[in-house]
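Next, two complexes with subunit A in common: one pairs it with subunit B, the other with subunit C.
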Partner chain A sequence: MLQYTLKKLLAGLPLILGVTFISFVLMVYFGPDKTYELAGKNPTEEQIAQIRADLGYDQPFFKRYTNYVIELATLNFGHSDSTGERVTRLLGRTIPISLALTLPGFVLGNVIGILLALLAAYYRSTWIDKSIMTFAVVGMSVSFLIIIIGFQVMFSSAYGLNMFPVRGWSMDTLGEYLYYVTVPTLAIVFVSLGYNTRFYRAVIVEELGKDHIRTARAYGASARSILLKRVLKNSMIPIITRIMFSIPLVVISGSLLIESYFGIPGVGKVTYDAITTGDQPVLKAVVGATAVLFVVVLIVTDVLYRLFDPRVELK
Partner chain B sequence: MSEPLLKVRDLQVEFHTDKGVARALDGISFDVMPGETLGIVGESGCGKSVTSLAILGLIPSPPGRIVGGQILFQGQDLLSLSEREMRKVRGRDIAMIFQEPMTALDPVFTIATQMGEVLRRHQGLTRKQARQSAIDWLARVGIPSPERRIDDYPHQLSGGMRQRVMIAMALSCEPKLIIADEPTTALDVTIQAQVLEQIVKLSQDLGTAMMLITHDLGVVAQTCHRACVMYCGKLIEQSATGPLFAAPAHPYTAGLLASVPRIRTQRLDSLPTIAGTVPDLLHLPRGCRFVERCGQAIDLCHSAHPPLQVDEHSGHELACYNPVQGEAR
Partner chain C sequence: MRNHAVTYLATLLVALGLVACGKGTDQPATGSDGSALKVYRHSMDGAPTNLDPVHSATIYANFLVLNTYDTLYSYKYLTRPYALKPNLAAAMPEVSQDGLTYTIRIKPGVRFVDDSAFANGQGRELVASDVAYSLKRHFDPSNRSQGSWLWAGRIKGLDAWGENGADYSQDVEGLEVIDKHTLAIHLTKPYPQLTYTLAVGFSAVVPHEAVTKYGRELSIRPVGSGPFRMAKFDTAKAVLEANPHFRQEPIDLAAEGFDPAVHGGLGLEAIEGRSPPFIDRLEIDFILETAARWNSFTKGNEIQFTSVPVEQTDTVLDSRDPIELKPDWTERYHSTTGVEAGFVFTSLNMDKPYLGHNDDPQQDARNRELRCAMRDAMDWTARNNRFYSGIGVVFPGIVPPAASDLHSKLSQDSVSRNLERARARLKKAGWTQDNLPTLEYGFQNSVTSRQLFEQFRGFMADIGYPSSKIKPVSFATFGDYNKAIKTSQLDVIPMGWGLDYPDSENTLQLFYGPNHTPGSNNSNYSNPAFDALFEKTAVMQPGPEREELYLDMSQMVVDDCVTISGLSRNRIYLWHKDVIGLPDREILGGFWLRYVDIKSADDQTTPAS
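This part shows the complex of A and B:
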């Protein structure tokens, strides 16, 4: 297992290099350029050259990419162009916030999605199935923005319950955390639930039609044991795949909308600001972290497959 | 004779499809005596498997539905039982051996888990006892080194071994009736006979009655006391195996028997077959369902389906207006 993991990590290195290279090309040739923002009005040729040298724009492309790879390896990305804060400190401060913000909604969205899907699949084409799926389609059809704004009106304004804040963030105590995280979590759950339920229902319906499920029933297994034990373990491969591959998106980019609408200083907001202002040190760190995260997710996914399906071999 | 173990009376099953209602079983009646082996014979799609699933209450619904009839097991109508009561019957009183050894076992659980679950549920054994019992049963169905094999997953076993596991699981709760739905069809020809022999021998040792569903007439001749012949959801002939093979009365039965190759007595350029194909359940002929393929249909056959008639002396049942005469074969 350990040997396998190491081998996979090594195999992941070219992938990391490839992803970072492509992103770097895009960033350098098509990304924002900070030169004129910093130069002020009517700069001279020398001033411009000086600023470009300070930003490191004047160096040959290959050298810049090599530097980037070294930065990635040593986790030293320097300081943010915009705020002057160390990039590692900036990310260390904001990533936990984003995780704390999105994780509850992500977990609940999947768990509730699977439970609803089990119900819908088991009671296929009855009113239970139909009402769950109608709800899912409604959830999928309403725009995320509408949901955020709607929930804010419902829970956080004088027009509704007025129990939760519209903006802000704090994790100092559990009470404060729950106070700030509840409405964003509800919004995330509501948005992801429709997609999740539909996907998981399709998986489970297929699984319920398998011969071995009929065998289990023919030997007196209860609906509960069939659904929660047999169907669930047999559906683990698609479930794991879906959950694992949405992790990088949830961590890095999934929280952007939520963070900007609820005024939460998470990594999504940091990334968004870095893109719009051309803050290359921050961008480089985020792009690198995403690539590494993907490779790690790939490996963990393979190991999890083996854990749930004895037919999968790790080679 | 004693009271039948299983009495099926006028069983009717319908499937709702996009094109209309298909009546997969149209008034099937038969008995299974305690300890007896009953063969159910017919072509694909004639309702053999539906019959067995109906007995266990496993017709997929929707689209399937039991619309009429009775299934009396030891005098109790299984169709009137609740799902909870039915679960106690499944596996404990009536066990089923399925056709597809490759897919009928759960791929992500070990044999120990799958057999142990059944034993614990129906026999009230502890985890440890269930494991020991499962090992004993694997040994009885001829699996070598069962104490090692029990921790295997189904994909680590060959098709024949898997079917033996299936048999061990079916016998493990010592049911009163085993329904074997084409238990050897999916296996290699070389081990079909072995596996079949094993099923028959073990069920005889245990005094278990068996319904053997098959399209292999050789299997019926070898193993069954009686046989029912089904065609398009109807039972058309039923008799003790000996007389049925010696003197089939229904033209369909006769046709089936004629199309079995005989190595010793005949050398043929081509095998006799029954002309035509099985009619679609949605577009059945008005009279006898076999009329379009029957060589000796009379006018009456086209207008009405012949009722099943019982010969009081022999117990022979037949649904035909113009049966094959005894010496015609």
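This part shows the complex of A and C:
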């Protein structure tokens, strides 16, 4: 497995270079120009030239890209052009917050989604299936923004239950963490359930129609045994794929809307600000980290495939 | 077995719920000795990114910079129009007869906050050389200062010092440190606004030790001598704690401009004779989303201050003119309104030969008629009602009411819609739907900006300007929009300007020829007569003579139809009844937060006498 992992890591290098190259082209040629945001109200031509030089805009493209690759290899992205904070420190500070914010919703959204999908698939075409699917479609159809505002009003504001905070974040104690994470988690779960349930139901329905399930039923296996031991286990490949490929987004992107509306200082807001202002040091780090994470996820996914399906070989 | 699992799960969920809800009660913050802390939670509709004074270009950054650092001067808390007062300086500057030397004495014994940047971690005394050092930093090219324009070409030797390598060990002729507590600023020419510039965040005093230690990260780690010290700062919030070493300066309310008729009922009498800061902790939430800000404010135990979002105006207001709140809101909250120290206006690019200056006198005259017709088509009342809750202040000219009452001496003609005259102008100058130029109207992409554009295009359509000839050019970021402006690409430029100080010069310079783009003269207006008057007034002390010349300059801009101006936005502020203070986000800005106090629980239950 070690040999396989190393081979995969090496094979991932072109992917990382490709992703970073394309992203860098987009940043340089289509991204915002930071110069005039830093120039202030009344700049001179000389000051503008100085800022461009400081930002490296006056250097040839390939020199800039080479510098980027070196930064990626040394994990030294310098300072944010907006805040002046060292990029590695900035991400080190904000990624754990986003992770703590989105992880409960991510886990619950997938676990509950799988359970509901199992239920809907098992009782296919009955009122249970129809109710769950209606709920899923509602979750998918309503804008995330509306859900956030609605949940804030419902759980956090003086017009609703007023039990949780509208804004803020703390992980100092478990109580504080639960106090601040509950409503964002509910919003994330509500939205993700729609997509997850529909997807997982389709996978499970297909599995339920297979011969070995019919045989198990004929032998009198219980519903629980059929669903958990046979159907779920055999559906794990697409489920793992979906979950694993969501992880980089959960870790790096956070959730911009959730962070903005609930005043949570995570990496989602940092990334969004970097994109909209052209803060290239931050963007370069985020793009690089995402690419590396995807390669790692690819490897872990393959290993998990092997664990759940012995027919899969790691070559 | 299954029943056990369900029981465990249910118990766990109930426990988590109880923990969460238990924390949810409104528990007062306490200090290390268990005593209740006084905490004030402010909110702002934007977030600062960089707190290094050389970058404190926004209102949001200034709110934090002015509270963590010190400036030589500040503004009297309650006096309007705004009036300067000494802050770090011991007195107002002694100005030489020729207006070229400002001698400033600094209060002795002022200390920077304790920080690991200093030897032994203890803040040292702030001295005159720190002020000189902080001004020098603006001219060090490596700092990319956004505020150097305030002093560029004004202080002897300072520009040259920067151009020659910014060696901090070298003295600058214009920044003479006379002794530990005295600084003399020598100017190249009189600069009556100098004292104002020493009250803005750009002029905040920074210790060189902090710059050495934190480098670029000084932007997130302020080390100053202000009333507060930074405890936490991120994209969502700043938490400041009272600076225990802040100098003792008891408040003299009368000297600050307290007027019982105006300020009575706010509880300000409680701070008389006491030294700020009065609170233990200042928390500032950066909330761009109006719905979240409103929910947080009305919730009762979160932010204690907000401006009223436009969409909530009808909920809160009983009357727009005069502005009056509904009784239940008055009962629940304190309120005030504030006309901004700035204005919104739409400039027309004079660089464009089909719209602005033209070497052919005949075409030049036609262009002027076109610009004036566009201005006549503007419906300020509709704009005010649609976008500013109908409570903005429309004024003629280019000097907003917060700077001067010059506008009252100008005709209302330039802000009155006159479609007939507009059409007549176009006809007289030979403009037809076919030969009218196609204009590019720029804006930073947002729903509101797009709506403003569509309304503007609608106004122009009313005088026969084809809609297809006014094209929107949207930009994803302010930086890109600013680039298009500073490289003179756009024809029609909607802008907002916030005054750096309450002097008309600060807006008149927006039309001074040598300030053309990339400078602040975004309309690229060039009028030798205007420029001559600007240069003349730039060295004049305030007085009726200067006001008269300012009026002439304003009239020139109006007569040349360079810009469609203007409107000062009016904001309604609400704050909780337990907060003692009078908010101001304009010229006084962040200075007011040092005067905030919170009533104790006992005070709140005591009926008003």
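Methods note: the second predicted complex is superposed on the first by the 305 of 315 C-alpha atoms of A that agree within 3 Å, B and C clash if a C-alpha of one lies under 4 Å from a C-alpha of the other, contacts with A are read in each partner's own complex, and residues count from 1 in each chain.
Rule of thumb we're sticking to: a residue touches a chain if its C-beta (ideal position, glycine included) is under 8 Å from a C-beta of that chain, and two chains touch if they have at least 3 such contacts.
Owing to the predicted nature of the structure, the values given are computational and were not obtained by experimental measurement.
S.K.: Judging by the criteria at the top, classify the pair subunit B and subunit C on subunit A as clash or fit.
M.R.: They fit side by side.
S.K.: Using the superposition on chain A described above, determine whether A:Asp273 touches subunit B (first), subunit C (second), both, or neither.
M.R.: Touch partner of A:Asp273: subunit C, not subunit B.
S.K.: Now for A:Arg230: first (subunit B), second (subunit C), both, or neither, which partner does it touch?
M.R.: first
S.K.: Which of the two partners, first being subunit B and second being subunit C, lies in contact with A:Gln50: first, second, both, or neither?
M.R.: So A:Gln50 only meets subunit C here.
S.K.: A:Ser125 contacts which: subunit B (first), subunit C (second), both, neither?
M.R.: So A:Ser125 only meets subunit B here.
S.K.: Check the residue A:Arg214 against both partner chains and state whether it touches subunit B (first), subunit C (second), both, or neither.
M.R.: A:Arg214: touches subunit B, not subunit C.
S.K.: Kindly classify A:Ile239 by the partners it touches after superposition: subunit B alone (first), subunit C alone (second), both, or neither?
M.R.: A:Ile239 sits against neither subunit B nor subunit C.
S.K.: Which partner does A:Leu193 contact after superposing on A: first (subunit B), second (subunit C), both, neither?
M.R.: Neither subunit B nor subunit C is touched by A:Leu193.
S.K.: Which partner, subunit B or subunit C, is in contact with more residues of subunit A?
M.R.: Subunit A has more residues touched by C than by the other partner.
S.K.: Can you work out, in whole Å, how close the C-alpha atoms of subunit B and subunit C get once everything is superposed?
M.R.: 18 Å.
S.K.: Share the list of subunit A residues that count as touching for subunit B in one structure and for subunit C in the other.
M.R.: Touching subunit B and subunit C on subunit A: no residues.
S.K.: Which part of subunit A faces subunit C closely enough to touch in the complex?
M.R.: Its residues touching subunit C are 32-45, 47-48, 50-51, 54, 79, 82-86, 93-94, 149, 152-153, 156-159, 162-169, 173-176, 178-179, 182, 259-265, 269-270, 273, 276-278.
S.K.: In their complex, what parts of subunit B are in touch with subunit A?
M.R.: 56, 58, 62, 83, 87-92, 95-96, 98, 100, 103-109, 117-118, 121-122, 153, 155, 166, 169
S.K.: In the complex, go through subunit A and note every residue touching subunit B.
M.R.: By the definition above, subunit A touches subunit B via 124-125, 210-223, 225, 230, 233-234, 236, 308-311.
S.K.: With touch defined as at the start, can you tell me which subunit C residues reach subunit A in the complex?
M.R.: Its residues touching subunit A are 16, 19-24, 49-50, 52, 55, 57, 141-142, 144-149, 152, 216-220, 234-237, 285-289, 291-292, 295-296, 298-300, 302-303, 476-480, 482-483, 486, 515, 518-520.
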